[in-house]
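Just so it is clear, A, B and C label the chains in written order, and each chain counts residues from 1 on its own.
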């Protein structure tokens, strides 16, 4: 029942209180002596050139996109993995059917995986 | 007790949703959207849909919003102010979309007579099927229940999802490909 | 318990459950932070020994007061927020890194459910039927801390470090998820208790179910090291190349919160690996007499400690990977290996005859 999750909520509250608490305490007792050089972003001791918020390689974006797609695949595995063992009780045809279903599902994704492998989308240098 | 939690979470969700829309800074908007996702997860838990609740966090907050953050960071070069012509075009479009969505919600909630009821049917998308599947029954939200429904009644949508994912993988790698003439 | 303070039995039970959960949550969170403090000391000690030196030995006997000295020093340090940074997100990022790390442990079953003088006692904060997926979901939220720290600092080193680290973390999450799925197929449940009980009942932890269990275990641990951004996968903070990666622009206690998050995540990964593949409190039987059952948490903590030692040992032994090698290890080796391994496991579990060990029911 939903009550099972209440302890998690409590632990989250404890964690948030501690995280905020240490920041507040450190804020109160920490020293404060800002100078312009100290507030400058780190750039190996040189004067910083421009902003850091600029375009960055599209590879990171591609990685994130592929991650989302394969993550959905992993999520679809979860209910299947949890139920597979219990299907045997109903007879072998059920469990074989479930295996077949997942084989088709994984088959399509394997096609996609081979495609991005061949297209060298996973090569960081390309 | 449940009503209290629901009201609090729903209020936070609506507030965060409004803040998300009203923010100028796209990064803040994204973070408020994450708050909305977490509130939705709590509401799923209250409905007894535990599996859906954790999937909500894992997929939307843990994967899709990370992608969104990357997009925002990627485009973070001095966000231009939208000019009036674009805004003039967008405002009526946005209003139309909002009204249509509100009507759709009202229809789905009330099941207006004269319109076909949205509830029965195998043609529902998988996500809706998982939500509507067995919520309210004793075993609702158990992973096994979701699995049995998903892999029998909603088998075709499930397999179609894999084709959709395949198309998306191909699309992603084509989009991000380095064009040979620029290499 | 009827009628106390004019409350009926059920309300009283709920209040009692909430008080118990609060105490347990407080103990677990502070226990994790204490473990973090002494992990930093033991890491420096062990690394020192591995490099033929002593490590910290001045603050108190054998240096046992060193973490306290470090903590006090950090609390008095100046907390610098760079001029160009986004103040609020700069402040939010360390919290977003630390809080998820601290709440994953709520679902870890440290020992068997037992009775002490007739009163039921459990070694966990919460038992939910989707426990594994909860842990995985919250762990995947931890990446926000890294991305936002890199972005909010508005420093080139921090931004690149944050991007690298987040790309690494999300890439290895896939292989890790698939490896964990192998244990779930074998147990047929997402409930961590059920997963441990299946292993204890069969007498063997899943890591010894050859070959699939062992392969999944190895993949899980490698991916776990990468998830925790630890050597040899510590490119996020490759100090020789990137300054300090995503937390370059952090100082004082906000910096140490990232440090805490990293170590608590190591503990979480060790605990989950112990549950999924080493059988939690195995070889202590779940239904043993009370005194023996109480050894369950001890066995569990020893397993976590062994994993933590492995993390340090790896750091002392292996050189850092190059970033392209790291990504191709995740995507081209671990991901397909974990997937094929999962399909293999599923086939064996599906075709295993009913009523025979170890997948009897």
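Here, contacts are C-beta pairs under 8 Å (C-beta built on N, C-alpha and C of every residue); 3 or more make two chains touch, one makes a residue touch a chain.
A quick note: this is a predicted structure, and the numbers were derived from the prediction, not measured.
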| item | value |
| --- | --- |
| Chain whose average C-alpha position is farthest from subunit B's own | C |
| Most centrally placed chain, judged by C-alpha centres | A |
| Two chains sharing the most C-beta contacts | A-C |
| Subunit A and subunit C: spacing of chain centres that average the CA atoms, whole Å | 15 |
| Gap in Å, rounded to a whole number, between the CA centres of subunit C and subunit B | 29 |
| Residues of subunit B engaged with two or more neighbouring chains | 50-51, 55, 58, 62-63, 66, 70, 73, 76, 143 |
| Where subunit C touches two or more other chains at once, by residue number | 128-129, 133-134, 151, 159, 163, 166, 170, 190 |
| Two or more partner chains touched - positions in subunit A | 5, 53, 56, 60, 64, 66-67, 71, 78, 82-83, 86, 98, 106, 113 |
| In the complex, subunit B residues that touch subunit C | 27, 31, 34, 50-51, 53-55, 57-58, 61-63, 66, 69-70, 73, 76, 142-143 |
| Touching residues (chain side subunit C, partner subunit A) in the complex | 14, 17-18, 21-22, 24-26, 28-30, 33, 74-85, 91, 94-95, 98-99, 102-103, 105-107, 125-129, 133-134, 151, 153-160, 163, 166-167, 170-171, 173-174, 177-178, 181, 184-190, 243, 248-249, 252-254, 257, 323-324, 327-328, 331-332, 335-336, 339, 342-343, 346-347, 349-352, 354, 359, 361 |
| Of subunit C, residues touching subunit B in the complex | 86, 89, 92, 128-130, 133-134, 136-138, 140-141, 143-144, 147-148, 151, 159, 163, 166, 170, 190 |
| Subunit A residues touching subunit C - in the complex, by the definition given at the top | 3-8, 10-16, 18-20, 22-23, 25-27, 29-34, 36, 38-44, 48, 51-53, 56, 60, 63-64, 66-67, 70-71, 74, 77-78, 81-89, 95-96, 98-99, 102-103, 106, 110, 113, 117, 122-125 |
| Subunit B to subunit A touching residues, read off their complex | 2, 45-46, 48, 50-51, 55, 58-59, 62-64, 66-67, 70-71, 73-74, 76-77, 143-144, 146-148, 150-151, 155, 158-159, 161-163, 165-166, 168-170, 172-173, 175-178 |
